[in-house]
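Written below as structure tokens is the structure these notes are about.
A, B, C and D label the chains in the order they appear, each numbered from 1.
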Amino acid sequence: MPLNTSAPAQTGEYRPLIVAFCCNWCSYAGADLAGSSRLTYPADVKIIRVPCSCRVNPLFVLKAFERGADGVILCGCHPGDCHYTTGNYYTRRRMTLLFSMLDYLGIERERTRVEWVSAAEGAKFSATMNDFARTIRALGENRKLRDLRCGN
Amino acid sequence: MQKIGVFVCWCGSNIAGTVDVGRVVEAVRQEPGVAFAADYQYMCSDSGQNLIKSAVKEHGLTGIVVCSCSPRMHEATFKKTAAAAGLNPYMVEIANIREHCSWIHKNMEEATEKAIVLARAAIAKVLKDAPLTSGTTEVTKRALVIGGGIAGIQTALDIAEAGFAVDIVEKQPTIGGRMAQLDKTFPTLDCSACILTPKMVDAGANENIELFTYSEVESVKGFVGNFTVTIRKKARSVRADLCTGCGECTEKCPSRKTKNEFNMGMDTRGAIYIPYAQAVPKIAVIDREHCLHFKTGKCGLCERTCSAKAIDFAQEDELVTRNYGAIVMATGFQMIDPSGFGEFGYGKSKDVLTSLEFERLMNAAGPTGGHLVCPSDGRHPKHIVFIQCVGSRDTSGCGKPYCSKICCMYTAKHAILVRDKYPDVSVTVFYIDVRTPGKNFDEFYRRAVEEYGVQYVKGMVGKVTREGGRLKVQGSDLLNDRQLHLEADMVVLAAAIEPDPTARSVASMLTASIDTNGFMTEAHPKLRPVESPTAGVFLSGVCQGPKDIPETVAQASACAAKVIGLLCKQKLVNNACVASSDPLLCNGCSSCEKVCPYGAITYEERELNDKGVRRTARVAVVNEAVCQGCGACTVACPSGAMDLKGFTNQQIMAEVDAICR
Amino acid sequence: MNYYYYPGCTLKTKAKALDASARAAAECLGVTLTEVPEWQCCGAVYPMAQDEVAARLSAVRALLAAREAGVPLVTLCSACHHVIKRVNADMAKNPDLRQKAANYLGLSTPYAGETKVLHYLEVLKNDVGFETIKQQVKHPLTGQKIGAYYGCLLLRPADVMQFDDPESPTMLEDLLRALGAAPVDYDQKNECCAGYLSLTDPAAASRRTRAILTSAREAGAEALVTACPLCQYNLSRHSGGSLPVYYVTELLEAALKGGNGHA
Amino acid sequence: MPETTRETVLRISGTNTRKCMLCGKCSGSCPAYDAMDYRPHQFVAMVERGEIAPLLQSKSLYACMSCFACVERCPRGVQPASLIEALRAMVLREREHTRLPAQLIPELIDAGTPQQAVVSAFRKLSK
């Protein structure tokens, strides 16, 4: 049984596939707090844990889009709060460049996002993911960059 | 051939209530590499762990995935379980199907599907896991404290008491720092010197403490547990082993025009001097810049005076290199120069003082012997105006954006001291807010108002002018809706405090980070307030942020506890998830070195065997004891040589693949 | 040393002495001042209202002329200097104002603050050099106790004007010292004389000038110098002759050439 | 949504009243303080609260000397003088209102009055 959640669900409703990279110290913990506070957000969001947002290689983002992701979001510690002091600044710079390049390639700017979520911001995490999922749903399926060999 | 075991936890109904664990088990059994899958009510319980252990043995598992709560909760537990079963603990991955799944989704179908995807991602990752071993390093059982003020002294004394050797480096000729300059301390009004000098003497006499005064840190190498520090002992031109501190030479010195730093330049000292009577060590020092012998080659009066034959004009700076396990920053603060705020007239009238100058003026050992007189003409003042927040909470450019924290209290202290000793002198304090959080602090401020009749004016001074030999203070009195024009004899500026300027260079030697205001950054502002993000570097006192004496001492002792905790260890276990570079791919570009916040990457010339061809290349080498595993370098690396163990490019790509499948 | 020179209205009428002495001194010092062709009144007050475009235009015209000539624009009157320097900063920093000014003036290339605006004193200090001036002084003002009055407009706001320390300026004193005089420091030298209110509220002007004159006199000043016609008028009117108020350029010319005006 | 009066004042003046920390240094510096009914710090506080009407009636608008002492000395970069100027401009613009009729000028000047004084008075006080 194919479990690709980006395929239309039984109700026929479009379900996007969203990859969220979360840094271990702030955002992943923020997601945990959202969980323990039972603050819901769509199951479309799948979280990958990284030590720091600066661990996210632009290639990971490209890979996600190539494999059919509809949106990619990076979450890190707030500026100045990085566990590794400056990692999130690198992220901000790298992703600014990457996102504008993706935009150029036709992947709408709204499909990519960087957000700062602290370990105390469970509510913000949930709100962010709800908002992002809503945005991606509105944009619809992402076909650019998708490796056609991966389909079916 | 990998054999993976997948263990799906119910967490009672926490997971099983929303996720069909049975379906998850069925689904993961289909995944390549999975040799075993099972579910259990509480995987973290003893019996759950035993289930894992026996499965590892029975099925010869090479890696395990636990689908359970957040790895922040039980990753360590399951790593231990794996280790007990003979597996490398880094062959364990957690799929977070509770916080990130069952707790936030209500629809069982949806939650189950997501749990399966998360499990697959973890399986994909564990298939690419490699056994990791943490390295260990030895710990040098000696600490270095940079700065010999009350913070440094307290930290050093506590470390020494625990039985470890500790050195203090102090750039001044004596330890004691700012606290030695203070007259009384709030809110108890006990004499600063009376409580500080015994500690200075203790530090000087403690056999575990070695003082390097009139010295500076020249260079720092190494990492936590293994720092190598070179200290420059500046030439005192006086032999420490012979000088008795009698002070004869200081009285005879004919060069008397040097501003006395201890009294904030309000009087002068000789070129050969002992900073003050209670100095530790009590050894004279020659200020070569002002010494006639060094300037003209003549004089030498001190040499002829010294019966101990301690004067040594030929003495040279000495470099001492030592190893340390831990380094403490205790570099303290200074007051900003308020000349940038010309409206207050500092530098134009001698009767406009900073609070620290006023402190000396009130001190019995100060330039006036403790008599409160106007510095301009020695007259007895009738009215003193204190201005708070001079350069604090100031974003205009010449000040500091932060609150300096200590000024409200010391100004209340100054006001009380003046009114107590000279009831005929009236005192006005201009304030923006009076901030007195602290034990007995607000009571103290209220005493200034209620018992001592100090006039507190809510408002700010706009201009101080000289008029008729006195000062005129124009300011707002906001609560009474009027502009005041007060005659005053002295104006005291509570100027902002800032980190000592030497902190910056020392911090960069230590690769310890500094915030925009020049204060040292903590590893965590709440939970690790006395540690720097750089392992093995600790923070004591105002170098980390403005604080008063009790807070400084508390932090100094906390800092000592952390240092002792480190020095007690026989060996340090390093983080196993560290960066490592493939020398064959490395092109020596230094990109990784530049982004590393810890200075963990260095370059070495290495002889390589590149597919049978021998070549020498400059390649990146990661010091595993220093690397904290953030991964910034892996992305910066243009050739793909740098990777992060435990979070390799391949592993994260595999997770992305599994999620997007 | 070539500059465009913007004299302003007052220097052509009531403050001719300021203009004449400045030109004479400049000539002595090898500074060539070319009057901006067809300049218009700068408006005398800087419009602090951000949406006020028209009031900025005449300053922009003068600035444009200097941009086209490729030389710095020199001013002398404090008010003109203040207006022109601040409008120049507006044009550099505020794209909205820049575009609107360009529309009004029909510019194809909007004016974006390219011209360097200098006060006459800044030219003396930085381009000629007070040391050079000192060497050229033929009739030093030896022993003359003179207070420098800066007023508001040259100094504030310091981040735009960048003339001198706004609270403790010394440029005029340094020049006076170069001329051989003994400058007197006093604390009201950067406080307002209420010049703008001199017509509508003479009492306020009187209060302010009295404070300034008293402060200067008490510090031992026997004369004041200023670069602003309005300050000069305001201060002299209230000093009742007890403390003469000169234009700084008058003293400069006197020191360089002798005679002329100052005893 | 149309701009509120408060927003208009903030726009025209280009200041941010929220930066104010209520220290009162503006009013401590102001040379025209005693001639004002509302003081510089009150301009900041009242504009921030949207209480503009009383300020438009205020005689302080014509007492301010535009000396920029409050602007220069403010530790937070607020510009009370710009607020006063913005409000004055609003009064003059809206009411076609001239506080200085030209026919009054001859009585106000003397032989030495510089142009600057007349021009600036017009700029400040008439439309």
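Criterion: contacts are C-beta pairs under 8 Å (C-beta built on N, C-alpha and C of every residue); 3 or more make two chains touch, one makes a residue touch a chain.
None of the values given here were measured: they were computed from a predicted structure.
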Using the stated contact rule, I'd like to know whether B-D or A-B comes out ahead in C-beta pair count.
A-B
Just the number, please: Cα centre separation of subunit B and subunit D in whole Å.
47
Averaged over CA atoms, how far is the centre of subunit A from the centre of subunit B? Could you give it in whole Å?
35
In whole angstrom, the CA-centroid distance of subunit A from subunit D equals 51
Between subunit A and subunit C, tell me the centre distance in angstrom, where each centre is the average of that chain's C-alpha atoms.
60
Two or more other chains are touched by the subunit D residues 69
Among the residues of subunit B, which ones contact at least 2 other chains?
343, 463
Specify, in ascending order, the residues of subunit C that touch 2 or more different other chains.
166-167, 191
Could you list each pair of chains that touch, in label order?
A-B, B-C, B-D, C-D
Would you mind writing out the residues of subunit C in touch with subunit D in their complex?
8-10, 13-15, 41, 43-45, 47-52, 55, 77, 79, 152, 155-158, 166-167, 191-192, 194-201, 204, 208, 229-230, 232-233, 236-237
Over in the complex, which subunit C residues touch subunit B? Could you list them?
159, 165-168, 185-188, 191, 215, 218-219
Under the stated contact criterion, what part of subunit B meets subunit C in this complex?
339, 341-343, 345, 347-348, 397, 463-468
Which bits of subunit D are touching subunit C when the two form their complex?
11-14, 31-32, 35, 62-63, 65-69, 71-72, 79, 81-82, 85-86, 89, 99-100, 105, 108-109, 112-121, 123-125
Show me the residue ranges of subunit D that touch subunit B in the complex, using the header's touch definition.
19, 21-30, 33-34, 39, 41, 69, 73-77
